[in-house]
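The letters A, B, C and D name the chains in turn, as written, and every chain counts its residues from 1.
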Amino acid sequence: MAEKGPIVVNVRQIDGAAVVAPEGEVGYHEAPTLRQALREAFDRKPARLVADLSGVTYMATPGLATLVEALQISKRTQTPLVLCALSGRVRAVFEIARLHTVFTIAEDLQSALSPKA
Amino acid sequence: MAEKGPIVVNVRQIDGAAVVAPEGEVGYHEAPTLRQALREAFDRKPARLVADLSGVTYMATPGLATLVEALQISKRTQTPLVLCALSGRVRAVFEIARLHTVFTIAEDLQSALSPKA
Amino acid sequence: MNAPPDIAVELSSNPAYLCGVRELVNLISRRVGFPDGQASKIALAVDEALANVMNHGYLRRTDGRIWLRIYRIDAQGAFSGFRIIIEDEGRQVDPSQIKSRDLADIRPGGLGVHIIREVMDTVLYEKRESTGMRLTMVKLLGSDARATGSCCTDSSGGGCRG
Amino acid sequence: MNAPPDIAVELSSNPAYLCGVRELVNLISRRVGFPDGQASKIALAVDEALANVMNHGYLRRTDGRIWLRIYRIDAQGAFSGFRIIIEDEGRQVDPSQIKSRDLADIRPGGLGVHIIREVMDTVLYEKRESTGMRLTMVKLLGSDARATGSCCTDSSGGGCRG
């Protein structure tokens, strides 16, 4: 069982959408905490799940992998998953991994919550 | 002769005051450029000299030493020297060196230019 | 190759040090002349490679040793890139086992090696003679293509193409 | 003291590397538990010490070698501070010559050593047996007083108080 790192994940409910907002660096130690928060959020069967990454200062591959897993749950449960508010640094990691085309990515929380996203 | 580092020092004239504003990291390589800009500014006999440090990201002791030297010129020539807009990091260096009490330090450029400073 | 590295870091296999080493690599890459974007990518790749040593080489033990060495590559007197070598004393694996996953297959895992290959011009995993692994990466200035060169030979002479 | 350091950096005496090493020390200090303010001070002191080796030890030659080693100090199982050692192969000077200046005397120079002593709990300069100097600094968690402890003995046994 992976030990959990010192990461804060804020979870809110906005208009039927679950907004999961991790803060700080999401690496090997922190990813399990994010993973659990995402799983619990899916379990509550929201209309959509928004991962608000505005507070993420650094994302290493365990964080990416956790989001890939969330994408699978999203497909399986037919719950739209939208990522939003990626900093330049975080976006670069998605691009290097060529994952920016696989996810639905919105500019900010506002547009992530809008039905078009 | 010290080699000069890649530092930009902006020099302006505002109401008879010379405003010298270095940008970036002021370390061993960069200090000579700042030193020369300060000396030239004093040579033009301004009413006061303001060192605007708002653009300084890091100040190592050669930078401090250059300002100490400017303080001596300021005393000798009776030209008031005011430092302003120190970031938390730059201020900390002054405090560790116990030099924050030796200089006149203003919050921002505006108050550095006001006759009270 | 026998010249001393321009900068070398020896660290214990403790993830607490990853962030500091990443920033060191990032800042040094900028200072020697890599554009900011490339410098962050190099730092990311080194971060992933070090995390892999901690997780797979040392199985998350924090008392293993890791050596990171960075050599400048100069061509015609001008800086032209970095050779970065990471060595450990951890578990040896067949270099052919270290593969990036197929991106079409969306699932967690295998992203680190993928990123390392995307960022670097050459990526070579080898078993060290004694114990542990050696990863040699070359990043050339201005190159922004994924690793294509030879890959994955081990010291015993076996080889593969990733 | 014979245990391997938690993290060690070997660099050439090139000021281009100062900024990266400073950030490494800053981030690692935070990660192990120093408050942010103390971490920046530790980074500043290490930066000054490395710059001094480059300027005074190697007289600004950029091909000298510098070794920085950081050891965790644990007391009763809890992290309680860092021991930081910097070694070079540069010019040897009598440790008593390395002094911080009197602050009443406002003039440039001598600030680096002053800052190192302000930040660290113990500061010890020594001649290495062979060649070059060794600077050993201890910074304890929570301490924010200036260095008071013993200072400036060299290996030949001479000593002084700064």
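What we mean here is this: a residue touches a chain if its C-beta (ideal position, glycine included) is under 8 Å from a C-beta of that chain, and two chains touch if they have at least 3 such contacts.
In this text, all values refer to a predicted model and were calculated from it rather than measured experimentally.
Trainee: Considering only chains other than chain C, in their present positions, which groups are joined through touching?
Mentor: A | B, D
Trainee: How many steps does it take, at the fewest, to get from chain B to chain C if each step moves to a chain that touches the one before?
Mentor: Counted as steps through touching chains, the separation is 2.
Trainee: Using only Cα atoms to place each chain's centre, name the chain farthest from chain D.
Mentor: Of all chains, A has its centre farthest from that of chain D.
Trainee: So how far apart, in whole Å, are chain A and chain C when each is placed at the average of its C-alpha atoms?
Mentor: Inter-chain centre distance comes to 27 Å.
Trainee: With chain centres taken as the means of their Cα atoms, state the distance from chain A to chain B in Å.
Mentor: Inter-chain centre distance comes to 46 Å.
Trainee: Among the residues of chain D, which ones contact at least 2 other chains?
Mentor: Residues 19.
Trainee: Taking all chains into account, which pairs touch?
Mentor: A-C, B-D, C-D
Trainee: Touching residues of chain D toward chain B in the complex: what are they?
Mentor: 15, 18-19, 22, 37, 40-41, 44, 47-48, 51, 54-55, 103, 106-109, 111-112, 114-115, 118-119
Trainee: Would you tell me which residues of chain D are touching chain C in their complex?
Mentor: By the definition above, chain D touches chain C via 4-12, 14, 16-17, 19-21, 23-28, 31-32, 65.
Trainee: Under the stated contact criterion, what part of chain B meets chain D in this complex?
Mentor: 25, 27-29, 58, 60-62, 64-66, 68-69, 71-72, 89, 92-93, 96-99, 102
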